[in-house]
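There are two complexes below, and they share subunit A, which is joined by subunit B in the first and by subunit C in the second.
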Partner chain A sequence: MSIEIKDLYHTYQVGTPYETHALQKINLDIAEGEFIGLIGHTGSGKSTLVQHLNGLLKPSQGQITIDGVDISQKGIKLKEIRKKVGLVFQYPEHQLFEETVLKDVSFGPQNLGLSVSEIDKRVRNALEVVNLDYLEIKDQSPFNISGGQKRRVAIAGVLAMEPKYLVLDEPTAGLDPRGRDEILAQIKELHRRLKITIILVSHSMDDVAKMADRLIVMHDGEVELNGTPREVFQKSEILKAIGLGVPTVSALLYSLKAKGFEVRTDLLNMEEAKEEIIKVLRMRRGKNA
Partner chain B sequence: MIEIRNLTHKYRMGNNKELTAVNNLSLKIAKGEFVAVLGHNGSGKSTLAKHLNALLLPTEGKVIVNGLDTSDAKELWQIRQQVGMVFQNPDNQLIATTVEEDVAFGPENLGILPEKIRQRVDEALNIVGMADFKTRAPHLLSGGQKQRVAIAGIIAMRPQYLVLDEPTAMLDPSGREEVIFTIRKLNKEEGLTIVHITHFMEEAVYADRVVVMEAGEIVLEGKPREVFSQVSVLKKLHLDVPAITELAYLLNKEIPGFPRDIMTIEEMVVALCP
Partner chain C sequence: MLKDITIGQYIPGESLIHRLDPRTKILVVIIYMTALFIINNAIGYYFILLFSLNIILLSRVPVKYYLKGLKPLLIIIILTVSLHIFMTPGTIIAEIGPLAVTKEGLKQGVFMGTRLILLVTVTSVLTLTTTPMTLTDGIERLLNPFKRIGVPAHELAMMMTIALRFIPTLIEETDKIMKAQMARGADFESGNIVQRAKALIPLLVPLFLGAFRRADELAMAMEARCYRGGENRTRMKQLMYTSLDTGAMFITIIFLMFAIYTRLAA
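Right, the complex of A and B next:
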């Protein structure tokens, strides 16, 4: 099963002087179990694209099919889509509104009309996944907890719907390093352990290089590049031209190579880079000896 | 100079509970210095920053700005003029309908003559590179541009110290670069003293001095090179290390004597290709 996007266009404020073509001829397939990193400069259309995946925005043109169901057709029940596709917004904590964390996280599953015991089970699970202590947090007001905790409560609210596809729009923006590492580790776990398909919108090339199986690079409302992190980060010229960087490791390897230090440039993490550098140093020493 | 002497700040919570946010902290910030403050959420950075222009007053200890005691109500006006603050969310800082009106707001409040105000606004917008946007509406600008306008609004009041509390936290990478470029320029070319609170270690690399806070206290302090080479200490504090410093640390474990205090790609290239 999969998500298929065919010839998707989205235009905001049609017929006004502010008309914006936010998405144009987008064609993408996302298979179950994938971990996708969605990157692009601000304004490139990432948020517009992901809001189509759970029916929050309707295509101006084109089609989105989720597990074989065309969600843009008339009469489709949004509830059915949102059971499958969970969307965590940018700054999701702005959407917390209930008096207690428990009520907030229960809100989604309650709307699905589940039994009380099923709701309870899901809420406990969801809070556990985001590393919050159920008993400690459940009666607290979502407004009195720390920023990192708020973010996790908002994510738990989406997880409690038990989606098959989880879309996160810049989930670590504004968090401190600890908060960021925790959220990223939890997302990794969701993918690894529960096999949830992940679509992660991010500005951090270092993060997506570490985590994603495939990268989709947006530019001006279109898909500019689509491939594994290794493939995409080899195209540093294109990335630079559209205002994006490469991961720190790639940037270092490129600079070394330019200075005649013959390293591979398609490595993505520090451990690999270290091994490669040591290999080259040994070779050089061998030659000199 | 700003002198923080044995500063303790306690917040009073409901039912007589107290929370010590800054605990017996001492620090001197010299004129012209660029100080970066790191530490994870809740470590007391914002509480400390708000003492520098008397938005908060010490529970114990003293904060002295150019010889003026922030606890002395008579000096409040002077102190606020000398120490400007920029906050995280640019949307909460811009209020007027055009960029120039927004920047004029501060100097107007200082009672400066209209023609002087015009001059200061133009100058401030030039410095932050936003002169071409002066008749635009602030809410239509990008995050980085908004933050630069907020900075212009502060420097139009001609402060000597600029305190920035996570000014880049909500920005994308290009917005962050714009703001960092502006801050460095203010420090280098205009001689402003900078106190920059950030979660991005790559930004702290540019500082003259890095101060790391934990539980209301300073736990590490020194030149960026000295502080960042303490990879294991920083990791224990759940803070990041610049990615390149981490690589230097890994290389040092395998190649005895490999320098551990490397912070940037350029330095790493020099170390490997002498």
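Right, the complex of A and C next:
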């Protein structure tokens, strides 16, 4: 089962002077269990694209199929789709509204019409996944906890619906480095443990490069690159041209290469890079001796 | 649905009307409205129609924007026209069931309909060709002479500017929160009136909190940049009368005199 996007176009404010072609000829397949990094700088169409995946936006043209169901046809049960595809918006803490954390996280499952015991079970699970202590936090007001906690409560609100596909739109925006690393680690864990398909939207290469199986790079409403992180970072000229650059480790390897060191440039983590640099330095010394 | 809100919508352009000073445009609209209520016979309406069509053409704004502005008022216009047609006593020219159409009523109905449509359309010319900022600037300057009798011209204009500035932001915010709650399975479109009202809580609470947060931030940012009301405040874009404005005022005043004349002559 999978998500298929065929020839998708989206135009905002059609027929006004402010008409924006936010998406153009998008063709993508996302298989179950994948961890996708969706990257592009601000205004490249990432948020517009992900809002199509659960029917919040309708395509101007084209087709989206989720597990074999075309979701743009008339009379489709959107609630079913939204149960399947969970979408965490950017700054999700701005959508908290209930008196207590418990009530807020229950909002989604309640809308799905689940039983009280099932809701309770899901809320406990969701809060545990985002590393919050259920007993300690459940009766607190979602407006009185710290910024990082608010973000995690809001994410738990979507997790509690137990979606099969989870889309997170810039979940780390505005967090400090520690909060960011925590959230990213929890997302990684979610994917590893529950095998949920993850689509992680970001404008930061460093965030997604290490985690994603596949990167989709967007630019001006179109898919510019689509492949494994290694494949994508090979195209460093294209990435630079669209203002994204490569992760810090790749950048280091590229500049070493430019200075005449014969290092591989397709490595992503610090350890591999270290080994590679030591290897090349040893070889040099061997040659000179 | 939220996209249909056109308050303060500005259509960029370089037409003669776009280039007029906002003060001129506001005054012209006021004079125009006065004339519209003075005129009471066919010759007068004929000329005001001609005058209005000219303004609309000169603005070079596609006609569909004017039609869009009229749409929400369609019911009021139809109601007013029908009331006049059926309720005015006089010579009966047709009968539909218990309702009688009189000659005087028909005339009054057509006049009132035209009046309402022209009123809305010419006001739209003003808002469609003037940015909200320029418009409030113009209002502030026009109110300036009344400061002496205690009219807080600057504060009124600043409040209007901020309100106008935040309309699109609030619409955008509403749209975003609605979508986010819909992603959590919220349903804003079905159910009875109680259910629907309850469904609005997840939208309204975050919306108000957001608005207060923004207001707080804005106040802080304005203070940090030393805003302290209108006194001694200079402006980046000075408003300036040109010969274009003199021309427009001249034509409008002639038009007003003509309107008064058609009424007196009749």
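Throughout what follows, the second predicted complex is superposed on the first by the 289 of 289 C-alpha atoms of A that agree within 3 Å, B and C clash if a C-alpha of one lies under 4 Å from a C-alpha of the other, contacts with A are read in each partner's own complex, and residues count from 1 in each chain.
Here is the rule we use: a contact is a pair of C-beta atoms (placed from the backbone, for glycine too) under 8 Å apart; a residue touches a chain by one contact, two chains touch by 3 or more.
Keep in mind the model is a prediction, meaning the values are calculated, not measured.
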Partner touching more residues of subunit A, whether subunit B or subunit C: B
First, second, both or neither for A:Glu271, with subunit B first and subunit C second: first
Which superposed partner A:Ile76 touches (first subunit B, second subunit C, both, neither): neither
First (subunit B), second (subunit C), both or neither touched by A:Thr248: first
Partner subunit B, residues of subunit A touching it in the complex: 41-42, 146-148, 173-179, 181, 203, 206, 243, 245, 248-249, 251-252, 255-256, 259-261, 270-271, 273-274, 277-278, 281
Subunit A - residues contacting subunit C, complex: 13, 17, 51, 54, 56, 79, 82-83, 86-87, 89, 92, 94-97, 107-108, 110-112, 143, 157-158, 161
Touching residues on subunit B, where the partner in the complex is subunit A: 40-42, 88, 142-143, 169-170, 172-175, 199, 238-240, 243-244, 246-247, 250-251, 254-255, 265-266, 268-269, 272-273
Complex contact set, residues of subunit C against subunit A: 3, 11-12, 176-177, 179-187, 201-202, 205-206, 209-210
